[in-house]
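Each in structure tokens, the structures are laid out below.
Both of the next two complexes hold chain A, though its partner changes from chain B to chain C.
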Partner chain A sequence: MGLHLEPTYWAVVIGVAVWLRIAPARGTTAFGAANAIALDLLCGPAVAVAGLTLATGLWAILALANGSRSWILNGFAYLLPVAAFLAYKTAGDWEAFRTAIPTAGPVPDAFWLLAALSFSYAFLRCLDAVRTVLAKGSPLLDPLGLAGYLFPFHMLLAGPIAGYDEYLKLNADGPEALRSDRIISAASDIATGLVYKHVCAEYLRVFLFGLDSPLASQGLIDTAGLFVYLFFDFAGYSRIALGVGTLMGVPTPVNFRAPFAARNVTDFFARWHMSLGGFVTRNIYVPLQLRLVRRFGVRRSVWVAFVSLLACWLFVGLWHRLSWRFAAYGAAFALIVWTEKLVLDRRWLRPARPGSGLAYVRRGLGMAYVFAVVTVMLHLVMGEILKP
Partner chain B sequence: MKPPDVSWSRTAAVIVWLAVKVVLFVLLGRIDTAQFVYAGF
Partner chain C sequence: MTTTDTSRLTGIFRTLFNDPGLELQDDLTARDVAGWDSLNHVNLMILIEEEFGVRFTTGEVSALQDVGELKRLLAAKTAVRQAA
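The block that comes next holds the complex of A and B.
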């Protein structure tokens, strides 16, 4: 979808950036109102109404559960987004995407459109908001501000996933002043993103698969090409979102940091889709690991870490698609990351002296190892990723 | 990580690099250009 090539999109971005600096309301409310108008202008009024309605529903549940000791209300606040996500995934997100686009007029269809466009990411933001408000005691935003957090127009299609606490900084600090260095930094991010997405990814697609052919993989070489294509497409989108967020003063996380330079798979996932990694770390890995270590003791921490990693990776796999293959994909990555953790923690592989020839060789071998492992793993699920 | 010090030379380099990216996008970032380049091979 060429949203970034529409002049309306950039007019909206500039309008929101100016509005947030002069708005009399607090940051999140001002952004929520501007975001609703942006969704109206870019996707139609029905989508804006659908977003506000879903956010108001979540707000009502959180308002009831917040401060209440009732485990039923608290459990309901967690379970409702999960149930909605499972229903959405079971219904087949791609099917919904295809059928919803041409009929985005009436409000019931708009819910499908919004879900198809954004629900995988909105679901993670829902969980982050629920946990941060109910477990950490962070303040609950008003419905307008919450809608801006759940369905931000510049992160609508493919994230990144800003933390709820990060978004709250908009109230504490307000949008940062638009100094010349910030404008240049934002413009640089946007230009890089546009080149990644509309030049690098697009040319790679055309040269690998032809002009009008759909993406397909006949073997590992094709998958390796798709892996690089995926990087430019996804990192380009994320980089544009980062630049737009900087311009508007809305907290927007960095999502990619030179992933192909990673030395091992663990390092790779600290550089690839970083906002998903951050979500999983703060909402699943850390709380589960702490609970399990308290229960079983530090001496069993190696096995406890495996259980925590398995939980995280199964979540990541099934979040992509509810299937046995993606569950196996998640479990295999958990095993790889856990094995690397063992090797690194126990120093079975002694670090090479920085600057030595061995360090460079290891670095090169590490990068090749990461590329090979991720390509093979991607190849195992490629059939499902490309399934129409 | 400490941000790099601001200097005129660094600012000029960033702006030139930004201009290169904008030119690349404007010249090549269109599907019909991609088709044209592809047809040339």
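The block that comes next holds the complex of A and C.
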């Protein structure tokens, strides 16, 4: 991913930042138009056209379903992105399909266009848009604005996943004025991200695996190294996106907040890939848990939370890869997070006095526990993560 | 919100989070209260629903940022309920 090292990328960023402050159109429409040009310049016309076509398709379905009481139309609006995602993941994740793709008529082109648009991330934005428009009644954007939300060039490769409601603020408030403090904050995020991604992650990769060798894991120590590498690579990318978003005035969420300082696994996932956690909380956990607690009562909330957590974590596991191993990975994390909840909620662990020696020891032990647990869990799926 | 409603709301917070000294400032957020995680957030909203006879949507539950917003939302819902 050398995109950030190309002058064209930064010329596009500056161009969009200026355009959004002078454009006569609504914020989201102006960004959608600029984003289509950015995709054309950075990824090619086919990718830009594919993005606009998909967004227009989703817009048409939402326009039909919005305000309609037909459960068929509403169900279709949810099911279509899910079906497209399942087809895309099956084609990419299942060996038999992956090897058959190159000979399957027009399928290869469609698959590679979806891959170029990072459809896994766009799928989550599709769901967020569908749910926010149909269930919450938020306004439906025009196709251009929707395309800018679904396929934002600065968050295209690996997120973060902005909420649809957050993106709508671009219309309500407009892009924030480029004051000196915002420019400094954006520059700081971009510089930190570039150092994370192109210095720390790259140095670690070369140190661990050699200059031209592919990433590999022979054991837990390698996986621990890969875990740290993943952090610098992913957090670096997200931090650059955050800085670019600030510069352009496009709502872009924070994705990482010192995850290695987490005290437990639950806390870790409140700091790692936070925008995915936010998506899952908004769209799966809260609706399901509300329904279950209303049905079974607050007294049983901890017990029914296992069902909600299991649903969330199975989704997260299978979103990464459609496989039994990733389903088991998700289920195991659900069990870990739920067990932590039980331990903390029942106060089996008395809180230590802040600033005391015991508090520091606990903090250190907690961080070591989180690192060990996540490393072991990553090791279980590392073979699949490293598959081409 | 009336003073009585505020004290009823405070009572729910104090019982749920096991903190008899908790005061509901408008800028109070989940980060400021030990135990206010996503599970207890849902419990909190259900307890408020039961106490005040209102109903929150999923979007409202997810979007709340601080106690001030909760008070305003609750005041709007109780006003609608009383008017009906």
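Things worth noting here:
Everything that follows uses one rule, which is that the second predicted complex is superposed on the first by the 367 of 388 C-alpha atoms of A that agree within 3 Å, B and C clash if a C-alpha of one lies under 4 Å from a C-alpha of the other, contacts with A are read in each partner's own complex, and residues count from 1 in each chain.
In the analysis below, contacts are C-beta pairs under 8 Å (C-beta built on N, C-alpha and C of every residue); 3 or more make two chains touch, one makes a residue touch a chain.
All values derive from a computational prediction rather than experimental measurement.
In the overlay built on the shared chain, the residue A:380 is in contact with neither chain B nor chain C.
Shared-chain residue A:307: touches no atom of chain B or chain C. In the superposed model, A:41 lies in contact with neither chain B nor chain C. Shared-chain residue A:136: touches chain C; no touch with chain B. In the superposition on chain A, A:203 makes contact with chain B only, while chain C stays out of contact range. Using the contact criterion defined above for the overlaid structures, shared-chain residue A:184 touches chain B, although it does not reach chain C. Contacts of A:293 after superposition: chain C is touched, whereas chain B is not reached.
Judged by the touch definition given at the top, the superposed model places A:165 against chain C, while chain B stays out of reach. With both structures placed on the common chain, the touch criterion links A:282 to chain C but leaves chain B unconnected. The residues of chain A lying in touch with chain C in their complex are 132, 135-136, 165, 266, 281-282, 285-287, 289-290, 293-294, 298, 301-302, 305, 341, 345, 351. By the touch criterion stated above, chain B contacts chain A in their complex at residues 6, 11, 14-15, 17-18, 21-22, 24-25, 28-31, 34-35, 37-38, 41. Residues 181, 184, 187-188, 191-192, 194-195, 198-199, 202-203, 206-207, 211 of chain A are the ones that touch chain B when the two sit in their complex.
The touching residues of chain C, when paired with chain A in their complex, are 34-35, 37-39, 42-43, 45-47, 57-59, 61-63.
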